[in-house]
């Protein structure tokens, strides 16, 4: 067992997979690297060393302003959103037991989008200002995501749920939800129409610290929760019969995990819109690197997701200067072919 | 599946009924709406036009709208029927396979970055987008273990739809000017289109309609299975390419006129097949008529649902079509 | 105490009743094999024993208590099930799969106790899989894969093990390998084994006790030598056959009557073999 190290103190015990820890460390460095590079890019180009100094309060005044007030919230938001979407996808793939499951393909992000647009429409006064605190927005997104997730699941239930039926109904309902979203936009304040398209594609543009502090506790808490519940996810992946046989309360766990997945996807969508395919790609890449055990898969996928969104945002900001292409464009551009590649690999 | 209309005589009668219904609903489309125009007034506008406000609304607004709606509904329904027959996949349709989205994306791209503006140019851009998407989806659905299965084709199409939808949104995010013009259209709308739009593209659509009728016979043969069709001497590749071209014309043309209107192509062929069975020489015309009827009704509904505002007709078809879609998806992909 | 038993058990799928009003006791510490024609309900019965199927009526009792009243984890500590054709996620290693058998003993704080480690090590040793510990399960052969699943079930350390067709799709050498493994578990550790096997002769050879499922109930049960007769095989399987003691192991060997081969064996003279 030299890959694994058991850790035991008194009443607590856990097993550490050293290979996974190494991968985790590597990805942390990767993410940090991209973050620093991204923090240094833009109208004012700042060399990496200066960025690090600015982060720790030891840099020049101007650098500190740009890095900490302007760019850092955006970087953090991209990172958190990517992590949340990746974790959401990882959970969905576990409970649905199919590589095609992901929040976008199951209509969960569509439901969250609809909820957000409805929230913004309903709670805006004539001056296009919000009448209730923005802190409620993630809750609305979560409700939308969860409702959509359960509706899709319920409609796909025919004595059980096959992944294909789930994806198909998810796609169909996403079309419908988009239609409803359009109605909402037509109803709503003018600024919505222009904003919403940027937001629907998925963009971290215009991020501020308020958003980061709202998303941060949700995302980290939920991801941590999933991580701790890794063994429940692992057993779900083995199928209902085996899971029931080892004493798992299968349906209850499944519903709960669906809720958590929706909450994660919803919270990401609430702030950055529908960044597509991250929830699909990140867990897959994670599996290729650290395998299918969720104790390793959850954190690694989350970091990969963060890396993807960070990278997409960075490219979007810098490669087409002065235009800013929303991150969602790139994640979709890579993600759709990747999805197809997955189809090719599936042993039918 | 039990067929409702069994004999040839009944089927022909059904076509006549269908045509009458289309005319009836087109008339309703001219009459009903925010400004209620009486039936007599509508008729007068066509015959003894006198420049009054109502007559203008009827002639310049409602009649073109009805004609466009009927044409688009017909075309999309036929395209869906062809795709479902070709791929033996009950969820096949220009929207699910991303063909509409691909055409839409091409149009938005060309409008935003290449200053394309004439309807003819849009049409050709739409054809190009539709054709590329069709080819990509077909290729991708067929590679990998198991060959071309309904499952893989549907999923390939769905991912293309998501991709193009996202890219289109992204494009609009970059170019806000284009956004305002395009937003309503992007949801699929027949409102505010000039008649010239339809008349310019009519040759393409008509070619599509004719082509569909021509290919319906060979499609029946193909439906018996490719091995059977080959042994009966059919040139399968030619049939498929021909049908593909027809789909591109119909879907691309519809998108160029009205934007991506969804669900018509998925749902209508099922209704048609439950009425007249699997013989595509009947399924195609029935789909055409039912498609026109659906779109006309949806368009009328679109005027009333949030009066005094209007929703794009694509929203209505989505709302109507989704329960059908869910029902079909639950039934499984193994049977048409 | 009785181990696993059913009381007035009725199982149904929708309108179709599969088992009706069954009272049966499964002997503790023995190998019991459920046999019956396809669709007779033997798998259904096994699944209901494992609490995977809710009875329409009646109850399944484990050590005197109805399993429907026990928590799933409590049941899982006493009884393990290996269903038919289990699926393993891509890339999961042998160790990662086997350790999941410890689920009923783990909680938030105790995720890998010394007990867990010992049980998994033992399971891997018993199934001779130690050297494959870090290999992905899907890279192993069919026979080895099945051993991995059995190792997982073993790690669960239960008194009773239920298996639904554990040898289907395996070649004969691997079938014998798995059955020998189960046999050793029963003889060396006293575990109760209840399984469904598709091969009548192998069932009879390894079983201490056969349970013949037919016509919505247990048609016959007991020692193979007593239960398996040509009349029973005819009644339950619709097959004419000869039963004679296996020359090597002494268990009843079923020789189906049919075409092909010599027709002049003395035992055939007594039977109408058209």
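Think of it as A, B and C in the order they're written, each chain with its own count starting at 1.
By definition in this document, contacts are C-beta pairs under 8 Å (C-beta built on N, C-alpha and C of every residue); 3 or more make two chains touch, one makes a residue touch a chain.
Quick caveat, the model's predicted, so the values are computed rather than measured.
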| item | value |
| --- | --- |
| Fewest touching-chain hops separating subunit B from subunit C | 2 |
| Nearest-to-centre chain - CA centroid comparison | A |
| Interface ranked first by C-beta contact pairs | A-B |
| Relative to subunit A, chain with the most remote C-alpha centre | C |
| Intercentroid distance (Cα basis), subunit C paired with subunit B, Å | 56 |
| Euclidean distance of C-alpha centroids - subunit A vs subunit B, Å | 35 |
| Intercentroid distance (Cα basis), subunit C paired with subunit A, Å | 43 |
| Contact footprint of subunit A on subunit C as seen in their complex | 47, 50-52, 71-77, 80-83, 86-93, 95-97, 99-101, 103-104, 106, 108-114, 116-117, 133-134, 136, 152-153, 156 |
| For the subunit A and subunit B complex, residues of the former touching the latter | 100, 104-105, 155-156, 158, 164-165, 167-169, 171-173, 175-176, 178-180, 182-183, 185-187, 193-194, 197-198, 200-203, 274, 276-277, 323-326, 328-329, 332-333, 335-336, 339-340, 343-348 |
| Touching residues on subunit A, where the partner in the complex is subunit C | 1, 3-4, 6-8, 11-15, 97, 228, 231, 234-235, 237-242, 244-249, 287-288, 291-293 |
| Residues on subunit B engaged by subunit A in the complex (per definition of touch) | 91, 95-96, 140-141, 143-146, 149, 151-152, 154-156, 158-163, 165-167, 169-170, 172-174, 176, 179-180, 183, 187, 262-263, 306, 309, 311-312, 314-315, 318-319, 321-322, 325-326, 329-330, 332-333 |
